[in-house]
Amino acid sequence: MAATAHLTLEEIRKGLSWRKQLDKAFTVLGLALLFCCLGILAILFFDLVRDGSSRFGWDFFTSFPSRKAENAGILSAAVGTMLIMVVTALVALPLGVAAAIYLEEYAPKNWFTGIIEINVTNLAGVPSIIYGLLALGLFVYQFNFGQSVLTAGLTLALLILPIVIVATRESLRAVPKAIREAAYGLGATRWEVTKDHVLPYSTGGILTGLILGLSRAIGETAPIITIGALSFIAFLPPSPVTGEFPFLNFEWLMSEFTAMPIQMFNWVSRPDQAFQANAAAAGAILLGMTLAMNAVAIWIRYRFRKKISW
Amino acid sequence: MNTISDTMTANKSRQAATMQGETSAQDSDTPSLSILMDDRKASRANAAKASAEKLNFWYGSNQALKNINLVIPEHQVSALIGPSGCGKSTFLRCFNRMHDLQADTKYEGAITLRPDNVNLVGPETDPIEVRMRIGMVFQKPNPFPKSVFENVAYGLRLRGVNGRTELAERVEKALRAAAIWDEVKDRLNESALALSGGQMQRVCIARALATDPEILLFDEPTSALDPIATAKIEELITELRSRVTILIVTHNMQQAARVSDFTAFMYLGELVEVDATSKIFTNPSKKATEDYITGRYG
Amino acid sequence: MLADAMDRSDPTEPHTSSLVDESVAGLRMHALEMGALVIEQVACAVRALVDRDPGLAQVVLVRESRVDQYEKQLDRDSLTFIALQQPVANDLRLARAIVRIGRELERAGDEAKKIARFALSLDKANEGDPVLAVARQLRHMSALSGSMLRNAVRAADEMNLELARSVLERDAELDAEFAAALRLVMSYVLQDHRFLRPTIDTIFALKGLERIGDHAANIAEQVLYMLGQERREADAA
């Protein structure tokens, strides 16, 4: 047969085998790297669990820190962490969502908003100790909140604000323009469009962003050390729910506190070897909490994505 | 099997039913093709619902519409045709101020809405008010990810209608007007996204109709639909004429020929020719129009 | 380019799609071929009549079936074109005009056939034969109607508005010729009753030529229609 422009089957196959090999090689490489990373993480986790295995038990969760390693527990640290996370979430969510809505829906696209946007993204990269210093000067001394749960919550809220803003903006952007146009076409104001259509469909993404932010905040040590979290707290902050009217008090906000990372740090730096086990156990629990929060975030995203398909 | 005269009689009575209040001498008992011609002639006497006067429009520094003067007759279907980029969608979207959602747009001139002579594109006119009087159906069906009922009710809720019975009544009325009541009456509370493309588009039409707009704008409403769905919507458009003035932009010239009473040809932001559809497609006055509709783009 | 320099409609301008151009060209080519055939038929039929040539008359009769075939072909092709290409405006008018032109040509061909039949049925020319007497008028009318037909077909081929209009104007001339020839024949037969039958045949031949002129005028009207310049008729239902 005379030479033609197209390739014969043999030629196609010859060229293809090399390309297929490259394809396979990349798949193998990717998988290898993935297992490497996961493997390292798994090894760390199991190492922690093994080291702290002696301490796991109901006592560990319900005891206060003590001079004796066997009696030391994470009650105050765990409660402190949870209370701080509550404050962080309650502050970061409205602020972050409102800021993102403003930037995405309302702000005119000019140089000023451009600068704001750049700065928001940059804030995510600021070292967390800077937030601690800011909080020390502003919240602890200027506003006189003291070294309290409130201060810690506000600091960490500021820390995760960029994450919430960015996640919210991404979710807002994911709402198709067609939906907005339809709503505007019916005579809705900008707020009605946002409230009735954009926000409801972004909830999944927003919550995911918030939880990812919290799972980062939960492990932040530097800022809360800076604002003065104590490491030996043998008491719990006052309960927010009391037996008498008005059934809620906010004294716990102003109370001194400790948190899991602090407690871990404290135990690890003790010369007594026995406390290493405590630290390992606390670390394993902290890691477990983080993984659990991430899992919840993924589940929420999955649930919301199923409900709404554009 | 219908004979020709059966079909003609049916057409005649249907048209008589839709042409409420229009006078045209239908005194002959033998129906003939002239019915359609009389229909069109009578419609030429229709009042104007809106008229664009010296309308210019800019996207930034780019002038997209140049000195458009066009009358939109009431209770008629007016079609806008022209090649891509000629400005027909741009012109359509001036009617409900959709351009205001983007930055850096400028209107000049007027689109006067009768009978109260409001200038739709005037800076003194609130775009939200305009959109509450002028409805729009988009190219790709875009129902909200809510139930069918909530989709159609949304416009009503915006206008403060909240009573359950009243909402139910008006939603049903709108869905009937959009010729889709029978298909969705048992699934009102199911998601609108579960419907087929053609059904979704009719729900979108119902949604726009629920608020009794004075003009209904269609932006290439069937370009994403299959032929049967397209035919149903074209049928719907011709029926809706009697209750609302319709302005439709379409790429499909045969569609413009089928559904519209008046056709306007636009090119490069200018209005080249506008006339009765039957004249445009048999013997247009401008060579540019003829070249376009016969496929001589050079 | 979409220029509106001239607002005259031009159905011969090429389309963006060459398939459409081919279809239109096919239609016009067929119409032209049919026109040429019918022109030839008319000329031969008249010559057969005037020159008493039965052989030529026979040729005309045989070729008549081809004229019919052309007309059917044109009708079919035009219908296909309309169904498949959904033409509008000048293309649509062209498709409809082509069918009507085909019909007019077919009828002109019929007239030629009838004239050829007369030519066959006539005996050798005798003294006093009315055909001889009006031979001059016959030749003149056939030249006139032949030229009208030729011009009409040419006008259709070239989309020539002026030429079509001139054909329409000459129709009156042809009618006058016919009236004069008719008077002459009538006067002749009043003198001598022997030639009644050939006289009647001659009158029919003259009428046939006049009708051929009418068909040519109708073709010219279709040219005006194609160019969007049809005469304003009274508003018919």
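Structure notes:
In order of appearance the chains are A, B and C, and numbering begins at 1 in each one.
Please note the rule applied: contacts are C-beta pairs under 8 Å (C-beta built on N, C-alpha and C of every residue); 3 or more make two chains touch, one makes a residue touch a chain.
Because the structure is predicted, anything quoted here is derived from the model rather than measured.
If you draw each protein chain as a dot and join the dots that touch, you get a simple line with two loose ends.
With centres computed from Cα atoms alone, the innermost chain of the structure is B.
Seen from the Cα centre of chain C, the chain whose own Cα centre is farthest off is A. Measuring from the averaged C-alpha position of chain A to that of chain C gives a distance of 91 Å. For the pair chain B and chain C, the distance between C-alpha centroids works out to 49 Å. Each chain gets one centre point, the mean of its Cα atoms, and the points for chain A and chain B are 50 Å apart. On the side of chain B, the complex with chain A involves touching residues 96, 98, 101, 103, 128-129, 131-132, 135-136, 138, 140, 142-145, 154-155, 158-159, 193, 204, 207-208, 211. Touching chain B in their complex are the following residues of chain C: 1-10, 13-17, 20, 86-93, 228, 237.
Those residues of chain A whose C-beta lies close enough to touch chain B in the complex are 108-109, 176, 178-189, 192, 196-197, 201, 307-310. Taken together, the chain B residues at the contact with chain C in this complex read 32, 34, 253-254, 257, 267, 272, 280-288, 290-298.
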